[in-house]
Amino acid sequence: MFIGKVIGNVWATQKHAQLQNLKLLLVKPISPNDAKFSGVTTLAVDGNIGAGVGDTVLVVDEGGSARKILNNPKAPVRTIICGIVD
Amino acid sequence: MFIGKVIGNVWATQKHAQLQNLKLLLVKPISPNDAKFSGVTTLAVDGNIGAGVGDTVLVVDEGGSARKILNNPKAPVRTIICGIVD
Amino acid sequence: MFIGKVIGNVWATQKHAQLQNLKLLLVKPISPNDAKFSGVTTLAVDGNIGAGVGDTVLVVDEGGSARKILNNPKAPVRTIICGIVD
Amino acid sequence: MFIGKVIGNVWATQKHAQLQNLKLLLVKPISPNDAKFSGVTTLAVDGNIGAGVGDTVLVVDEGGSARKILNNPKAPVRTIICGIVD
Amino acid sequence: MFIGKVIGNVWATQKHAQLQNLKLLLVKPISPNDAKFSGVTTLAVDGNIGAGVGDTVLVVDEGGSARKILNNPKAPVRTIICGIVD
């Protein structure tokens, strides 16, 4: 689990049916002490939190957690946003 | 989950029966902002998306997601392409 | 699994319902020989151990373990503190 | 999933009963374009493919896939060779 | 899965009940060719192999494997020692 900043959206021209209604966001991990970027940009799904570009977010990088949050045991998702940090 | 570019195909002379009809592709992660390559090339299976060399793709690196997309609970696959980005 | 030091708390202004009563802590891995920091800061949940800032802790980075410790099969948690080292 | 080269065998003087009849191989990831080594040597189990030293192989690094290939739900294996590349 | 060397023990002043009777060891990955250390020290549980400081060991870093070896579906363990290399 890590803290990151949403830096963009992703629009897919084709995607798997189970991804159709999900919001795909680009998240860059940040060092929580100084808010500097650290690490590689990840693709994450918004877990019905309403996250958008510029938000600092809590990210869980595990498929089991993602499917529980989306309430969809068939979702092909591994990385999910489950909170917004002030 | 990450964004990557398909850079090649892989032909195996021998492979496990459950991999027989799957398309194996080499995907290199890219930094979404500038489309520069970042990170190590990964081997991924096309999740019936029709991805090919040159495409920018959505990749999920988790076995549970891969087996759901392939609709095959026995598939020995961890990394799957589940979308194409414009 | 790794040894780390708790370096801070995280307060989320919005978070998933299943995270509501959990304590979110920032943990930085340490090299056990010399107690120097090594690696990237992680977000972890206290597994009812009572860990706080300054503690040296045992961390398990796996969703299955986290849900067992929290006794909640729906918890969207991957990283959990399950012990305190002297 | 990745492409690697088998660089050696491992003989264990003691090992868990469920590992007794498995062939343990050292695999070094290679960059598929130029066949140069990249990354850290991994320990992998041959998934009844007949892989040996010098072979270029397909590796899946996930316990669920490994147990399906070995057809043994109790195997304590995470990394499995499931194909040979020409 | 990887080969490592046991470099120390860990005593926890507090730990989760399911960890009470387990031996916690610090393992540093080694490059199998020259036995040089490579990578970050990990915390691992001895899987009833009798591993101790100085031993070269086989390590599986996956919760499902760990729980099977410990024969405890509730164990919050991800990293387990399942063999000793001569």
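Every chain is named by a letter (A, B, C, D and E) in the order it is written, and numbering of its residues begins at 1.
Quick note on the criterion: a residue touches a chain if its C-beta (ideal position, glycine included) is under 8 Å from a C-beta of that chain, and two chains touch if they have at least 3 such contacts.
Keep in mind that this is a model prediction, so the values were computed, not measured.
S.K.: Could you run down the chains that neighbour chain A and chain E together?
M.R.: Under the touch definition, chain A and chain E have C as mutual neighbours.
S.K.: Quick check on chain D against chain E: do more than half of the interface residue numbers occur in both copies, making it same, or fewer, making it different?
M.R.: different
S.K.: Centre to centre, by mean C-alpha position, how many angstrom separate chain B and chain C?
M.R.: About 32 Å, centre to centre.
S.K.: As a quick test, compute the distance in whole Å between the mean CA positions of chain B and chain D.
M.R.: Whole-Å distance between the two chain centres: 20.
S.K.: Any chance you could list the residues of chain C touching two or more other chains?
M.R.: Those would be 64.
S.K.: For this assembly, give the contact graph shape among line, ring, star, complete and other.
M.R.: Topology of the interface graph: a ring, with each chain touching two neighbours.
S.K.: Reading around the ring from chain C and passing chain E first, what chain order results?
M.R.: If we begin at chain C and move next to chain E, the sequence is C, E, D, B, A.
S.K.: Sort out for me which residues of chain E touch chain C in the complex.
M.R.: 7-8, 10-16, 18-19, 24, 26, 40-45, 63-64, 67, 74-79
S.K.: What residues on chain E touch chain D, complex-wise?
M.R.: 1-3, 29, 31-33, 38-39, 47, 49-50, 58, 60-62, 64-66, 68-69, 80, 82-86
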